[in-house]
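Before anything else, here's the structure in question.
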Amino acid sequence: MAGGLACGILLLWGGVKITWEKAMTQSQRKATYGFTGPTAVAIREKLGQGLALAALGGFRGLAANALMLQAHGAWEEQQWVRVRSSLELATLLQPRAAVFWDTASWHLAWNAAVAAERYSGEPSETRRRLEARRWVEAGRSLLERGTKAVPERALLFQRLGDLYWQRLEDYQAAADCYRQAIAKGDAPPYLERFVGYALDKAGDKNGALAYFRELRAQMGTPPNPERRPEVVDREILKLEKELSGQAAPKKK
Amino acid sequence: MGWFRGRVLALEGLNMEVHRGEVFGLLGPNGSGKSTAMKMILGLLRPTRGRAEVCGYRAGTIAARRQIGFLPENPYFPNFLNGAELVRYYGRLSGMGGRLLEKRIQELLEMVRLGGEAGKRPLRTYSKGMLQRAGLAGAMVGDPEILMLDEPTAGVDPAGSREIRDLILELRQRGKTVIFSSHLLEQVEDVADRVIILHRGQKLREGRLDDLLTRKKEWEVNVQGLKEEDRKELRGWLEKRGVQVVREGAPRERLEDYFLRSLPEEKRR
Amino acid sequence: MMGSLRRIGAVAGNTFLEAVRQRVFAVLLVFGLILISGANYFTDFSFQEQFKFLKDLGYAAISLTGLLVGLLGATQLIPGEIERRTILTALCRPLRRWEFIVGKYLGLSILLAVMIGVMAVAVAGVLGWKEAQLIAREGSDPAVAASIRAEARDPRLIQAVILLEVKLAVVGAIAVFFSTVATSTTFVMAMTLMVYLIGHLQSVAREQWLESGEVVSWGTKFFLAGVAFLIPDFNLYNLIDEIVAGNAVAWRSTLEVVGYSGVYVAVLLAAASVVFEGRDI
């Protein structure tokens, strides 16, 4: 009879807790924008037994760090496919760790791409460039997913902007990414100037000038020195001279 | 008995009554049901049929357990504690605390001769006799009406056994009721007022020791200084009167008494 | 009421004292060594990654140590006492069985809380050491130095410690429940560990059961329902990962999980007390 009563208590609680757990899960996902990560079943299929056990046992962080170490080792050996698979698994395990997406994109879009460009085993420069471009695209696609997984922080938007600027030379896209990063509120102060630089580099000098003027106006009086108002003033002057046809003074 | 093991009938049809202030012995060989009976009185086991009461309270209830101090067979105590801590723990479990408890701890440890440094030693360094005495102090800490002792002298040397028996008699003098079980029958004989004899879960006999053991048809006289020729005359005189001489000869001392007499005075305690 | 509290306190205090005298805290030394040796790993990585690794290592080590101590401790609480027969002299006192259960569990919980607290302070210490190392190496730029300090001194880590405590409190309560049902310490440990692992999949089972409709068979549905009803959702504690990854977690979410854990523990102890009440010793 005692056993029956105990079972009754647990089952009754079971019915209550299911509703509560469901509500909490939804509220946690809503609060963190990205807790809708892949299910544990999908993870188990992709990982080896030891890592799966660790991950499912609630030690995802350790398992993910082990994969980062693995990726680091593969990088030192220039094993780019292993680098990619380890990093993708790490981001699968801990999609909310922005630093993983950041490191992963750096390895793909920079290190692997440069290694492909310089690969002596491929005599055709065209093929080398194509291969490099594929790695850059892999990095970009990964970072796009990262911005969806960690949408509330500036870091990955900034990194995506850097990728567009440095690896794809798409300065307009870079400017858009930097704007999104600034909107998050935790971007470094210098990034606001990079929007203008990107617009300038994209050839949109009017857009760049308008942006810098608006930025300078926002700084108020007296402006916060961290925001380097003197640099913004210099850019405004340079763009005004360029647009009016006069030669811009050289930047030191 | 566990999920997949069979059930065992440990006790059947046991009717017994213990009177206030008496020393009551539960006797029987190993497996006769003595410990089972004690556990049912304590509420550690539930009877499948029947009931037990302790001082008017249903056995196993808090009120009933307040009346009982229990010392189990083979002392099983948390061995990371020392003697004083053990008594203090049991005192707290009995609802005591503060200065009253501390005073009681000292009194009891002195009474069972574990006062001073002995009470501060960890239980794992205690001898069997010391453990029994510590357990006794723990059982008495709540000043219960009834002391239940399961095989209190098992594994204890004769001197230690004598001490425990003396303690039982002292408790009776104080008006306490003592229920104890033993399969060492000669030790029971010294202290029990009434006994119940169990065998394979059933009651064989119950009654006052004097009533059970006295051979009413016989009379014993121990004499000293009777010469050999006088013995024959005495035997003849008795036979003439139709008295059957059942036994004659020098009486034997009990080995335990002989052993204790052989020890130096200070070792007898 | 006061009497109950006093008796529960006596049992809890005795349980805690037993653990201390059995030198359970020595395991903290091993933990400390793991942390310190881990502090020198990942030195080729960015400071964010180094801090992340240290925090992951620290909190995983706390989790694992706490899990081991909780499991081993819980199996000793009742089966151990029954095996050693020390339970007889406790339960023959005017002590209710539920008071014994609650007192034992409380003693274990206090032990875990103290150990986790000490380990969390050790993690904070190693993070501080790393902070000093990194500032000496890379902190010439004030912005970088500020970022390093922010990573090392993240106050949200307190929430992670609280979540770890309550997670292990639930694991301990599960072990206590199994202890009242079973007689073998091995069985208790194995069942508790199994529930712990399955608990990290419970949310999958629950979602499958609630949303699968006619797609799955009755047998599967029954199994999924069983898991959803009977196993706790340990994924709710993944907020710890969020905090360690440097993301903001609202106190409201943390307190919700704490509340859930508290109710779960109370239910498990109630069920354990009911079972134990009817058990022959």
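Lettered A, B and C in written order, each chain numbered from 1.
Here is the rule we go by: a contact is a pair of C-beta atoms (placed from the backbone, for glycine too) under 8 Å apart; a residue touches a chain by one contact, two chains touch by 3 or more.
Bear in mind that the values here come from a model prediction, so they are computed numbers and not experimental data.
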By number of C-beta pairs in contact, which chain pair leads? A-C
Taking each chain's centre as the mean of its C-alpha atoms, give the chain farthest from chain B. A
Closest chain to the protein's overall Cα mean, using per-chain Cα means, please. C
Distance from the CA centroid of chain B to that of chain C, rounded to the nearest Å? 47
Distance-wise, how many Å sit between the C-alpha centres of chain A and chain C, to the nearest whole number? 33
Separation of chain A from chain B, taking each centre as the mean of its C-alpha atoms, in whole Å: 80
Counting only residues that touch at least 2 other chains, which ones in chain A make the list? none
Where in chain C do residues touch two or more of the other chains? 278
Residue numbers of chain C touching chain A in their complex, please. 41-42, 44-46, 48-49, 52-53, 55-57, 59-60, 63-64, 143, 167, 181, 196-197, 200-204, 206, 210, 228-230, 232-239, 241-242, 244-250, 253, 256-257, 260, 263-264, 267, 270-272, 274-275, 277-279
So, in the complex, the side of chain C touching chain B is made of residues 3, 6-7, 9-11, 14, 17-18, 21-22, 84-86, 88-96, 183, 278, 280-281
In their shared complex, at which residues does chain A touch chain C? 1-3, 5-6, 9-11, 13-15, 17-18, 20-22, 24-25, 27-28, 31-32, 35, 39-41, 53, 56-62, 64-65, 68-69, 72, 94, 96-99, 102-103, 150, 152-153, 188
Mind listing the chain B positions that touch chain C in their complex? 2, 39, 42-46, 62-63, 65-66, 68, 70-72, 74, 76-78, 80-81, 89-90, 92-95, 97, 135, 138, 142
